[in-house]
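Each chain carries a letter (A, B, C and D) given by its place in the written order, and its residues are counted from 1.
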Amino acid sequence: MVLDVNWAVKWLTLCAQAMAEHRVELIELDRAIGDSDHGENMDRGFQAVLDKLAEAPPATPGAALKLAAMTLMSKVGGAAGPLYGTAFLRAAGTMGDAAEIDPAGWAAAVSAARDGIVARGKAEPGDKTMVDAWAPAADAAKAAADTGGPEVLSVLVAAAEAAEAGAVATDPLVARKGRASYLGERSAGHRDPGAASSALILRAAVGAAA
Amino acid sequence: MKKLINDPKSVVDESVQGFGLAHADLVTVSTDPTFIRRLDAPVSGKVALVSGGGSGHEPLHAGFVGKGMLDAAVPGAVFTSPTPDQILPATLAVDSGAGVVHIVKNYTGDVLNFETAAELAEAEGISIRTVLVNDDVAVEDSLYTAGRRGVGGTVLVEKIAGAAAERGDDLDTVASTASRVNANVRSMGVALSACTVPHAGTPSFDLAEDEVEIGIGIHGEPGRHRIPLESADAITDRLLEPVLSDLGISRGDRVLLFVNGMGGTPLSELYIVYRRAAQVLADRGAVVERSLVGNYITALEMQGCSISVLRLDDELTELWDAPVHTAALRWGA
Amino acid sequence: MKKLINDPKSVVDESVQGFGLAHADLVTVSTDPTFIRRLDAPVSGKVALVSGGGSGHEPLHAGFVGKGMLDAAVPGAVFTSPTPDQILPATLAVDSGAGVVHIVKNYTGDVLNFETAAELAEAEGISIRTVLVNDDVAVEDSLYTAGRRGVGGTVLVEKIAGAAAERGDDLDTVASTASRVNANVRSMGVALSACTVPHAGTPSFDLAEDEVEIGIGIHGEPGRHRIPLESADAITDRLLEPVLSDLGISRGDRVLLFVNGMGGTPLSELYIVYRRAAQVLADRGAVVERSLVGNYITALEMQGCSISVLRLDDELTELWDAPVHTAALRWGA
Amino acid sequence: MVLDVNWAVKWLTLCAQAMAEHRVELIELDRAIGDSDHGENMDRGFQAVLDKLAEAPPATPGAALKLAAMTLMSKVGGAAGPLYGTAFLRAAGTMGDAAEIDPAGWAAAVSAARDGIVARGKAEPGDKTMVDAWAPAADAAKAAADTGGPEVLSVLVAAAEAAEAGAVATDPLVARKGRASYLGERSAGHRDPGAASSALILRAAVGAAA
């Protein structure tokens, strides 16, 4: 398995599928501590990404991610739109014109995505945001790439699992950024919707390579 | 969910189209991307005001486009901030060369999307000033949080900054007047019922028949705490007290009192709240010089209200009184 | 029942007091008996307009007191017409000697109470003309019934007759202009939910989650029939069709299109209805020359709307455009 | 038993009691085919009558009824206010300054009340209004007065029973006057609230004499 443009397109396609499938669930999560739109926004955004992919098929993984970034930025809105837009743009930046991404490349992409989100949103780990999915994912991907062999799947899996664990770990947290922060202590006991959608995205990256 | 809509996905587009049809003497509606602009924008030599945010708060912001207020409004999906690819063309469409003030309610999404649009506009040579509105005392203001939300004060900022722009103030002056309004206004809201986002289909929170939610925002997000239903006077006191103490209102202060409906509350109830609030202010020796009562910044069909108090001075009062001609606020024209 | 009130018995009094405090530049509120009058009434030489009816329809009627519209508004208890001992003093207070037009929505209670008050006023030497508003096509008009109800058209009658009085028309002319508006306006409404009268405490009717009530009035009374919830466009067509055919609207007719909210429906939904109605009128070749969209004659927090169409001519358009300065309708002043 | 001013005051007092007791029931009847205010209006109106009676105790039955008429007219509002106001005013008119009312006098008062209501409201029997209580009551009172002896109680009872039967008989009717007429056929199957309150009023007249 290599992470080429076909993988990238499949990844984005699986992201769109995941958002459609989990639309209601993400709306429910956002209903509890936000404004009930996260699932709708992500679904709308990734459907638009599919349309764009069909219109102008990209030549490289980096081009695919850049296309996703621009589309999410212009179609998602809310907090998630600019944050995911920046994440995908920074990740695309690490890929340049490369035809294939290796384990270290994936780790670099996830790190860049995390850095982009932090740069835009100024959230720290523990603030109960999507950073709580991307930060452990970036760390796990790097650790897997550093220690593992040339097998890229294990790096994808490491990132996805860490993101999933990170999302679950937001449950008890009190939000300090984003709309959930208005709830103060009442935000505890609910999963952060952005962390949940982030885990879906990183899990889709695994699925695309399977 | 029971709504007068055709399809949850087309609510914003169709509503904006209807708005454009009903107010063709005031505005032009652009579609793809969607924004509403003043018919005669760009107004030569005038600083332009652009605001926007999620839909569902009508008449905010489209209802405030027109002479003496906004030059453009950029509506996002319901409760979802608009995107830079809407905000940028709206900004370009109304700039006369005198620069553009972005009036942004302080929500992460709005801030980030307007930030990006402002960068892109600056790159095209347009001078932008961004004024954040954050008047909601229900939210703790701290460096470690997203900060206070922009709520009722937004209407007052848009009216007064709009008047400053209309009389010919320059970019920095308009922006600093807008900031001055923001610095002098505080708000707090209550919900008696939740609202239902069309695409979600279920109420934004669950509230028992005998409970109200104190400190709600305008997005159907739950508030700070829940209390048993009380009398209108008691609730008014609860909302007003933090507003007045945060503003430091004292004897002799001149104020504008704004009782805003969240969309599903009869006007008669808003006047009951106004009555109490005016009494409390009088008791404190403050002078209510201007007032506004009605549904101006709403959360769909939510039942409830917010109270905003703006400390006035001669200039702010003069700018408040200046002519305005928009779909939702009109006088002197 | 969840309301921002203190006591069901004091709703009207406190609300009117709040109204008086908020609009002290426009009106004076009399208590015992309760009525609201224009600050500068009686206006020398001007025919006076008095309207009234049950409370719960705010901003109607108090919100329409002021220059270019009503001289006095007489609010009854919620959904209960006022009594002669309120209507008479209100009439006496605003008569300048030029006579008074009573604008009365056609409900048995309103008709009887205004009738008595008019007799008493005539006995005191005041010339009274009574104009009944009965624009609701949902109700069969027959000699053997109470006749059609007065609904949305009331707002248009009050505005246009008010402008006629303001420009100095005499008593009979003002009354006949009011009648002409009534003859040229038709309305029909829909409810998505009932409303709750404060003293009753339970919703005025029960409606399933997937039903709407077609042909409702403004008192929470059930309508003519119940249908499954449909799209906004389909409902708009249902309301508009009987209005247009009863009015006999044909190609080239000039109209005012009024989409009125019943109190609990977001403005965005009213614009979706407006959009469709405007399209249908355009398809029929009618010209929508003026429009009004918003909550002007409501039924407490009822969700729903009504559509009114007024056939315009040059004079009615001119009178519609004339300056008006009231709490709820204001332009040119 | 004689129908003197004490009886008249007691009658109005029992009316007020009945309206307070049946307030919710009358609201419910009006909720079904009207606008939910009849019980509230009648309660408010008769409480005001009590206040007035205390302020200025009347000297004759006619004066008591006239006081009630003026108070109901100015405190009830809606359709019922002017209709009951007229009814009591016309009934008072038949009594003049008499200190006592005899059987024929009561029959005349009820007839006058009915005529007043018809004159104001233009409803016919069968239109599903309070006329459907007053018209049979007037007829029954007259018949009882014509045929009966000097015992006034039986005349009061005849009127009350006829009014009660008349109110019940409105159940199947389709309303042709008042707010219920807007419902058309849907008004059938519900009792007319005004007929119900009329029956309470005429029953109170019996109670006052008991």
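Convention: contacts are C-beta pairs under 8 Å (C-beta built on N, C-alpha and C of every residue); 3 or more make two chains touch, one makes a residue touch a chain.
Since the model is a prediction, treat every value here as computed from it, not as a measurement.
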Quiz item: Per the centroid of Cα atoms for each chain, what is the distance between subunit A and subunit B, given in Å?
Solution: 32
Quiz item: Just how far, in Å, is the C-alpha centre of subunit C from the one of subunit A?
Solution: 54
Self-check item: Centre-to-centre distance between subunit C and subunit B (centres being mean Cα positions), rounded to whole Å
Solution: 29
Quiz item: Between subunit A and subunit D, what is the separation of their C-alpha centroids in Å?
Solution: 75
Quiz item: Among line, ring, star, complete and other, which best matches the way these chains touch?
Solution: line
Self-check item: Pairs of chains in contact (touch as defined earlier), listed by label
Solution: A-B, B-C, C-D
Quiz prompt | Touching residues on subunit C, where the partner in the complex is subunit D | solution = 54, 76-85, 107-109, 112-113, 115-116, 138-140, 144-146, 149, 197, 199-200, 202, 204-205, 217, 219-222, 224-225
Quiz item: What does subunit C use to touch subunit B in their complex?
Solution: 2-7, 11-12, 14-19, 21-23, 55-56, 58-59, 63, 192-193, 209-210, 212, 229, 231-233, 235, 257, 259, 263-276, 278, 288, 291, 293, 295, 298, 300-301, 303-305, 325, 330-333
Exercise. Spell out the residues on subunit A that touch subunit B in their complex, using ranges where they run on.
Key: 27, 31, 33-37, 40-41, 44, 73-83, 120-121, 176-179, 181-184, 186
